[in-house]
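Shared chain: subunit A. Partners: subunit B in the first complex, subunit C in the second.
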Partner chain A sequence: MDLALDQATKWLELFGDEIEKNKAYLSDLDTPIGDADHGFNMARGMEAVETSLAQKAPADLAGLFKQTAMALITKVGGASGPLYGTAFLEMSKQAAQTSELNSLLAAALAGIKKRGGAAAGDKTMVDVWEAVLPELAQGTLTDAKIDEAVEATKPLIAKKGRASYLGERSKGHIDPGAMSSGYLFKALLKAVA
Partner chain B sequence: MNYGIVIVSHVPELAQGLPKLLQQVAKDVPITAAGGTDDDEIGTSVTKIMTAFADNPADELLTFYDLGSAKMNLELASEMSDKPIHLYDTALVESAYSAAALLEAGVKLPEIEAQLAPLKIK
Partner chain C sequence: MKKIINDPSQVVAEMVDGLVRSYPDIVELIPETEAVVRADSDTMEGKVGLISGGGSGHEPAHAGFVGKGMLSAAVCGQVFTSPTPDQIYEAIKAADHGKGVFMVVKNYSGDVMNFDMAKDLAEMDDIRVKSIVVDDDIAVENSLYTQGRRGVAGTILMHKILGAAADQGASLDEIAALAQAVLPHIKTIGVALNAATVPEVGKPGFELKEDEIEYGVGIHSEPGYRTEKIKPSNELCQELLGKLDSELHLSEDKSYAVLVNGMGATPLMEQYIFSHDLLNQLEEKGIKPDFMRVGNYMTSIDMAGLSLTILELADEAWLDYLRYPVKTIAWNN
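Let's turn to the complex of A and B:
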């Protein structure tokens, strides 16, 4: 399906709301296996996105994603800034060619993997993206499947990011980036419904 | 072609402190640093890294960082910079010190990189 500008705008609004509502929880998830800042960093970033979009209404999808990327890249201090920023930057580039949702997201995932160097199974946001994208393409994605993909990061040993310094001790915790990616995809489902 | 060094750390004090150590052995090597977020919190900032690139008078830069997200922001900044940027996944203090001392001695880049290779830890 093609993603329309108003759907994408709605998507970002809903994502921002979810992040704001769950920022303390996300930072709590980040406490045992990270630096306890994921929720607050993302909330600061999404607030900057909102401000940027209010100041200058984007003309098209590419513009919307570019503004989103720049706000996240410049305002989020942790790893989530460059990772989510790169995802939206790649979607912005892709949107110049096509507004087909699956190819936009495929470009985003490739960008995240290149930027962070993570693969599936490393206990990162990539695990959720890898699980969700094929389901979305087949039209079978549900909130429950998103929850499942997030939950699946729990038993994994972290290979990337701050949690990787904990080795075995990173087991038994949901990855905070996986959780926020879960919010991103739930917001998307709602926006395109 | 002259070379400079850029240090990127999550902590402003770390980014300010390490150049002092390097400058002891490399008083003629241009060294700039970017530490912390725009609000001087713990983290890294693409804007600060771009400034450290621009403020460094050298044409080509060797960059060293502390932890993972600093690398991601370094890569983002280097994609936006006109200067050639070299990024090393090496032990921050030891490799930056080594590069500084070797640059001061006029050692060529391939030889410096050979010395940095065993210090790769990430």
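Let's turn to the complex of A and C:
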């Protein structure tokens, strides 16, 4: 399906709400296997996205994603800033050619993997993206499937990011970036419904 | 939490402002950023720029090492959080005087990615940028399949060596080669008596009992490799030196530089006592360091503890670089 500008705008709005609502929870997830800042980092970023979009309404999908990327890149910091920032920057580039949702998201995932070097199974946000994209393409994605993908990071041993310093001890905890990506896809489902 | 601060969300901005206004002859603020650059830009004319940075909370790193003979500029991120690419990019521009810019990055996924993005931005502006990722902390096992080892206090010796080379006119490629040559010879290991308290969090990153210590704790209170009862300084030293020895294979036929680094809340008195034990234990191995520094170089806010860095001086020139004259807030030769 093609993603329309108003759907994408709605998507970002819903994602921002979800992050704001769950910022403490995300930082809590980041406490045992990280440095307790993921929720605050993302909330700072999505607030900047909101401000940027309120100041200047983007003309098209490419513009919307570019503004989003720049706000995230300049405000989030940490590991998730460049990762989500790259995802939206790649979607912006892709949107110049097509507004087909699956190809936009495929470009975003390729960007995240290139930037962070993580693969599926490394206990990062990449796990959720890898699980969700094929389901979305087949039209079979549901909230429950997103939850499943997030939950699936729990038994894994982290191989990338701060959590990897813990080795075996990273088992038994949900990855915070996987959770925030879960919110991203739930917001998307709602926005395009 | 008891700290001399105002609003916890303003600690970095106020700290950087205080720092540049206290030492106006050495550093100045890069407008609209929390990054600093040498006050005397003449000292950078015709030379490769050298920048570093990372989360704040490690003072005097890195802004305290900006000055002639060391860094050209430094970027101060939020406390324990990597700075953003736009800020790093401003530091690159301020440090560039036509010969390119070299970045010293500590090995954390956030830092590595943000500095990488800044490099992409600079290259679009035709500024040549190269970098080294320092991973001197031997507390974490090295592995290709993880983030690898963290960058800690040994990074300061990298700044010193590269800064001296840059000041003497080394090219960007020469500096990159020097950094690669030095890196495998720097190893660091630390011990913590308690964790740091991030102002916005308000409580320590982990709890140790009154009589406990932990070996291998990182500079953001990352967990170490073993918790034990507190021991006399000479036994702590034995543990840390033993770890470094198994990596570096210390030998009386080789030359070494040593950095005893306080983590923020450990008095210099204790650091000198540790140094006394260290020098005795090295002497038993027939080793007398050719270069040594003791003090707070790479701290972790108010963490108590210290780290020990040993650099094997595999090339004689490195010793000259370490001794090369420098004028910064925190290191003066």
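The definition used in the following text is that the second predicted complex is superposed on the first by the 193 of 193 C-alpha atoms of A that agree within 3 Å, B and C clash if a C-alpha of one lies under 4 Å from a C-alpha of the other, contacts with A are read in each partner's own complex, and residues count from 1 in each chain.
By our rule, contacts are C-beta pairs under 8 Å (C-beta built on N, C-alpha and C of every residue); 3 or more make two chains touch, one makes a residue touch a chain.
None of the values given here were measured: they were computed from a predicted structure.
Taken together in the superposed arrangement on subunit A, subunit B and subunit C clash. Shared-chain residue A:180: touches no atom of subunit B or subunit C. In the superposition on chain A, A:36 makes contact with subunit C only, while subunit B stays out of contact range.
Contacts of A:74 after superposition on the shared chain: both subunit B and subunit C are touched. In the superposition on chain A, contact of A:153 is made with neither subunit B nor subunit C.
Of the two partner chains placed by the overlay, subunit B and subunit C both lie in contact with A:115. In the superposed model, A:162 makes contact with both subunit B and subunit C.
Residue contacts after overlaying the shared chain place A:85 against subunit B and subunit C alike. Note on subunit A: of its two partners subunit C and subunit B, the one contacting more of its residues is C. In the superposition on chain A, the residues of subunit A contacting both subunit B and subunit C are 35, 37, 41, 73-79, 81-83, 85-86, 115-116, 160-162. Considering their complex, residues 35-37, 40-41, 73-79, 81-83, 85-86, 115-116, 158-162, 164-167, 169 of subunit A touch subunit C. Contacts from subunit A toward subunit B in the complex involve residues 35, 37, 41, 73-79, 81-83, 85-86, 115-116, 160-162.
Considering their complex, residues 77-78, 80-86, 108-110, 113-114, 116-117, 140-141, 145-147, 150, 200-201, 205, 218, 220-223 of subunit C touch subunit A. Within the complex formed with subunit A, the subunit B residues making contact are 36-38, 41-47, 67-69, 72-73, 75-76.
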